[in-house]
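So, here come the structures, one by one.
In what comes next, chain A is part of two complexes: it sits with chain B in the first one and with chain C in the second one.
Let's turn to the complex of A and B:
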C-alpha cells in the first residue's frame, strides 16, 4: 500500500512536471533590450545590440525551454530618455526581463525606476557608474559587468613596474573618468606612487594648452583618460608643445583612433599601458570562439566591427546571464521571479573573458586586462595583453569601511 | 485709437495678405469678439470630459507617460507659444527656464544627492524654484528684447547653451554631469503624487491653469498691447506704449508658465541632469510649439501629444534602427503641408466647410 502511494506520487509528480514544463514552453519570455541607437554612443550602442542578439542566437532563441521574444528600444545616453524607453518596455510591452541601458547616468536612472517594478528583473547593459550598485542599490537590478574603477585595477602596479614613480592625471571631468582614476590611483598610491597634479578637462574639449603648461617637469608619465577624439587632440597638441613623457591610458583612451595616430610621436605610443575589460588579442579559446562567432554573424560588410567592441562584449555577457538564469530555473518566472533572481544571485557566469560572480549588491566580480601598445613588423600599432587580473570586486580590494567612491579629490596622494 | 481698433485697422490692411482668406473677417464683428464672453462650445466640454475621464480607462502607462508627459511638455511649449505666437519673440531658452526650476527644486528640495540638496519641504522648495526660474526667465527676456527675429533666437540659444555647460561643469552646486537623481513629487494630504493618476491630475490642473491664464492675458489690455507690439512696435511706441517693458513682462509671464512646467517635468522624470536642458530639448520645445501651431494656446498641447506619441511608439512602426526617420518624416510632413502646424490643418478644414462659426485667432508668430 505504502509502496503504491509512493509510485502514484512519483507518477503524479512526473506528470505535473511534464505539464508545467509544457505550460512554460508554450509561453514566450519577453526580454526588453535597451541600448543607444542615437546620440553620442549610437555606433557603440548598435554594437551592444549585436552582442546581446548574439547571446540569443547562440541558444537558438530558446532559454529554459521557452522561446525568447526580444523587444528593442533606443535611448540617446540621456537618463530621462532611458527611463521613458524602459517604462514603455515594462509597462506597455510587458517584458519579463529588462536588459540595458548603455551609459552611466542612464544606469543610475533605470536602477531607480526598477524599484517601482519589483516583479520585473533588470539586468544592466553596459552602464558602468560606480554609484549604480554602491548607492541605494535596487534589489532587482543586476550587473554582470565590471565598472570603470574595476577596469583599471592592476594598472597601478604595471605603472610602477615600468618605473613611473610620479605621474600626472589628465582626465575628463565627469563620473566615469573619476572612477577610472580611482581604480588606477587606489592601487598606485598604496604601492607608493605619487600623483602631484590632477587636471580635469571638460568633455569634448578642444584646447589643452593650459593643461600642457601645467605638466610638472619631474613626473615620469601622464595618465591620460580621455575619449577617442579628445585623446587624439591632446596628443597632437602635446606633440606640438614638444612633450615627450610616456603615457598611461584609460579603458577608452587607447582606442583604434589613437593607434591609427599618424603624428611624429607615433612611436612614443609604443609601450603605453592601459586597463580594460576586453583585449582584442586575448588568446583564451572561449574569447577566440566568441570573436569568431561575432565575425561570422556580423561581418564588416553587414555593419559589424572587425573585432567586437567593449559594448558588444558587455551586452553579450549581461544577456547571457539573463538566459543562463532562465536555463537554471527552467523558465520558471513565477512568484514575482523570486527563483530566477535567486539563480542569478548564485550564478557563476561563464563569459568569454572568464568567470563572473556577483557580490551582495548584485555587482560583478570579474576580470581586467592590462594591455601594452606594441608595434608589429608592418609598423602597425596594436594592444598586447600584458597581464590578466581576476576576481576584482567593486571595493577594489579595500575594506568596506575604508572605501569611498571616486571623485575629483578622492583618492589623493600628492 | 484703442489697441483693438488699431489692430483691426492693421488686420484689414496688407498684413493680412500672408494669411490668405482664412482669417479675413469684417472688422465690426471682430471688435465685438474681444469684449464678448467666449461661449462654451460642445468641443470644449468634449475635450475637458475626455481629459478628466482619460485615466479611468487608460492604463497607468498611458496616463503617466503619454498623458502627464504631454501636458507637462505642452505647458513648457505654451510659454513659447505665448512669446512667439503672440509676442513675436521666439525664445529657445524656455526649456532653460524650466530646467532652472527643476534644478532649483533639486537644490532646495530633496534629492538623491543628500550632500548638495538642502532637503527643504516641497511647499518651500517649489515656490522658491518657481520664483527663481521666473526671475531667470525675466532676466533672459530683459537681455534679449533689444534684439529682433533671428537675433532673438541666437541670443536665447546662447543663453540656453551657456546654462547647459554651467550645469555640466559646476560640481559645487549643480552636481555636474550627474545632475540630480530621485527628485520625486511629494505626498500631499495622504495622496502620493508620484502615482500615475494623482500625478496626471496634478499636471492636468496646472496645464488648465496655464492655458486659461494665457487665454485671459491675451484678452486683457496687456495681451492686446503685446500683440500690437508684435505687429508693429514703432507704431505702438508712438501710441505711448512702453515696448521694452511690455516685452519683458511677456517674458516674465512666459517664465512663470515654463517654471511650473519645469517643476512638473522634473517630477515626471524624477531627475534633472544637464541633458534635460541640452540643445536637443531646447529645439524639441520649438518643434512641439510649431507642430501644434502657434496661433492658439491649445496648439502646444496638441503638438506635445503628437510629439510624445511619436517618441514613444515610432519604434514599433518600423525597423528599430530607423525609427527616427518616422519622427522626422511626420514633423516634416506636418510643417510642409501646414505651415501653421496642426491648428492650421484644423483652420483649413473649417474654411473649406464654413459653418458660420468664427475661428478667431491672432496671426502666426514667427516672422
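Let's turn to the complex of A and C:
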C-alpha cells in the first residue's frame, strides 16, 4: 500500500513536471516591434517590419522552445511619438522584449526610457545615432547593428579616389545625420578633403529650393544625407532646378526604399557612391540566402522591394539577435531577464553580412560596405560593392582621445 | 489704422527688412533672388490651397479642418489619373472634381445640420480628417508618391539673367497662382453668384427672403473651396510629393495664411501666402535651424496687433 502510494506520488510528480514543463514551453514570449508606418520613413519602416517578421518566420514563430507573439506599433520618426508607442507596448501590452525604433532621435529617446523599465530588454530597430550607445548607455538597451558613423567608414577615401576634393554637405538636422556626417568627414578631412558649406535642413522639410540655391559653384560633389521622402523630394527638385553635380549618398539616401519609390526612376543617381551596412550585390552565400528568402516571402507584387532595404536587413539582424538570445537561454526570461541579457552580451551573432560582436556599451562591431549605384538589365537600380570594411567599432579606428562625437559643427574643415 | 500706427509699423518693419535685402543682394545676389522666387512660388501653392480654405472658413463661417485631407485626396487622385492616362491637365481636373464632390457631400450631409455651431463643426471635421487620412493610408499606403511634371514643364529653365537656371514647373506655379487669384476675385466681386455668396454671409435670412436658395449657394461655394484644395494637391504632388502627413502640414499652412491675411478675403489670402512662403524660404536659406520660428513670430505679431488679420474686417 505504502509502496503504491509512493509510486502514485512519483507518477503524479512526473506528470506534473511534464505538464508544467509543457506549460512553461507553451507560454508565449511577447515581443514588441516598433517601426515607422507614418512620416518621412513610412516606406522604409514598413520594410523594417518585413525584415523583423522574416527573422521570426525563419524560426517558424518559435525561439527557445517558446512561441513568439509579435505586437506591432508605429511611430513617425518623432522621439516623443516613439516613446509613447514603446510605453504602450511595455506598460499595456506587457511585452517581454522590445525591438525598435527606426530613426536616430527616436533611438536616443527610447534608450532613455529603457532605464525606467529595468526588467524589460530593449533591442534596437534600425536607429543609428552615435549618442544612443556612446553617451549614458542604458544597461538594458542592446544594438546589434552598427550605427550611422560606422556605416560611413571608408567613404571619405572613396570620395577622394573619385576626385571629389571639395564637397557640400546637405543633411537633415538631427542625431543620425550628425553621426553620418561625422563618419564621413573625420576620414575625408584627415585625408585632405574640404567641406566649405554644411546645410542642415529640418526632417520632413519637403521644400529644398532654398538649399539648392545655396550650393556653391566650386564644389565637386554633394554629400546628400537625407532619407525616405526627403531624399526623393531633394533629388527631384535638384534635377528640376538643373543641378548636375555628382552625389555621395548617406546610408539611407540610396537604399532600396528610395531607389524604388513610386514615380519616375532617377537615372541621375547612377554612379552615386555611399556607405552602408548593406550592399544589394554582396555575394556572400549567407547574404544571398537572406535576399532569396526575403524575395520569396515578400515578392514585389506583394509590396516588397526587388531587394531588401537597409531597414529590412537591420531590423532582421536585431530581431534575429533577440531570438538567438532566447534560444541560448532556452526561453528562460526569469530573474529580471538576467541570463538572457548575459547571453546577448556574449553572443557572436551570425548575420547575412558577417559576424557581429557587442562592445562594452552593448553596441555592435561589424562590417560596412562602400557601394556605387548601378542600373541592371531590367532597369532596376541597385548598389554594387566597391569595398568591404570589417570589424569597425564605434571609435571608427580612432584613439579614444581623438574621437569627437558628430554634431552640427563637428567635424569642421572648410 | 491711425496715422501714428502706420508710422510705427513703417519704422519697425521697413528699415530692418531693407537692410537685410541690401546685405543679401551684396552678399550673394543669386541666392537672394532665387530665394525670393522660391518664396513666391511656394506662396502660390499655399495661396491655391488657402483660398479654398478662406472661402469656406472666412466667408461661410464653416470651420473645415478636413481641408488638408481634401488636399491629400486630390493629390492621390491626380497621381493615379496621371499614371493611368499620362495627361497632367486631366489629373488636375480629376483632383479638383473629386475633392469638390467630397466637399459637396460634406456640406450637404454634415455642415447643413450644424450651421453656426463652430465647436461642433471643428470636432466633426477633425474626426473626418483622421478618418480620411487613415482610409487613404489603408487604400494607397504610406509610400512616397512623386508625380512627374508634364513633359513640357519638366527640367530647368536655363539662361535666366542672374539666377542662371530655375525649375520650369516651379516657375509655372507663379502665373497659375495669380490667374486663380484674379479669377476668384472676379468671381466673388463681379458676378451675380459671388454677390449672393457675400450677401449670404452678411445676412443669410435676408438673402433667403429675396428668393435665393441659400443652401444651393453655400453648397456651391463649399464645392469650389474643396475643389481648390484638391487642385492644390495635384500641384503639390509634383513639387513636394504626396505622403501621409501632408494633410496636416497644408492645413496648418492654410490656417496661418488665413489668420495672417484676414479671414474671408481673397486678397488677404494672397498677402498671407506671400508672407508665409517668403518667410519660410528665406528662413531656410539664411537661418535653416530657426526657419520654423519665423513663421510663428509672424503669427504672434499679427495676432497681437491685428487680431483679425492684416486685411481682416469685423465679422
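The rule we apply is simple: the second predicted complex is superposed on the first by the 286 of 414 C-alpha atoms of A that agree within 3 Å, B and C clash if a C-alpha of one lies under 4 Å from a C-alpha of the other, contacts with A are read in each partner's own complex, and residues count from 1 in each chain.
Methods note: a contact is a pair of C-beta atoms (placed from the backbone, for glycine too) under 8 Å apart; a residue touches a chain by one contact, two chains touch by 3 or more.
Since the structure is predicted, the reported quantities are computational estimates derived from the model, not experimental observations.
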Inquiry  = Is A:80 touching anything from chain B or chain C once the two structures are fitted on A? First, second, both or neither.
reply    = first
* A:136 contacts which: chain B (first), chain C (second), both, neither? -> first
Ask   = Given the touch rule stated above, what does A:207 touch, chain B (first), chain C (second), both, or neither?
value = second
First (chain B), second (chain C), both or neither touched by A:232: second
Let me test your reading of the model: by the given contact rule, A:46 touches which partner, first (chain B), second (chain C), both or neither? both
TODO: In the overlay, answer first, second, both or neither for which of chain B and chain C A:241 touches.
DONE: second
For this session: Kindly classify A:403 by the partners it touches after superposition: chain B alone (first), chain C alone (second), both, or neither?
Result: neither
On chain A, the footprints of chain B and chain C overlap at residues 37-38, 46, 76, 173, 202, 408
Interface with chain A, chain C side, in the complex: residues 30-31, 34-35, 38, 41-42, 79, 137, 141-149, 154-156, 158, 164-170, 239-241, 243-245, 249, 280-282, 284-285, 288-289, 291-292
In the complex, the residues of chain A that touch chain C are 37-40, 42-43, 45-46, 76, 173, 199-202, 204-207, 209-211, 213-214, 228-229, 232-233, 236-237, 239-242, 261-264, 303, 408
Chain A contacts chain B in the complex at 37-38, 46, 72-74, 76-81, 83-84, 87-88, 91-92, 105, 108-109, 112-113, 131, 135-136, 173-175, 202-203, 408
The residues of chain B that touch chain A in their complex are 59-62, 64-65, 69, 112, 165, 168-169, 171, 176-179, 181-182, 269-271, 273, 275-276, 278, 280, 311-312, 315, 320-321, 323-324
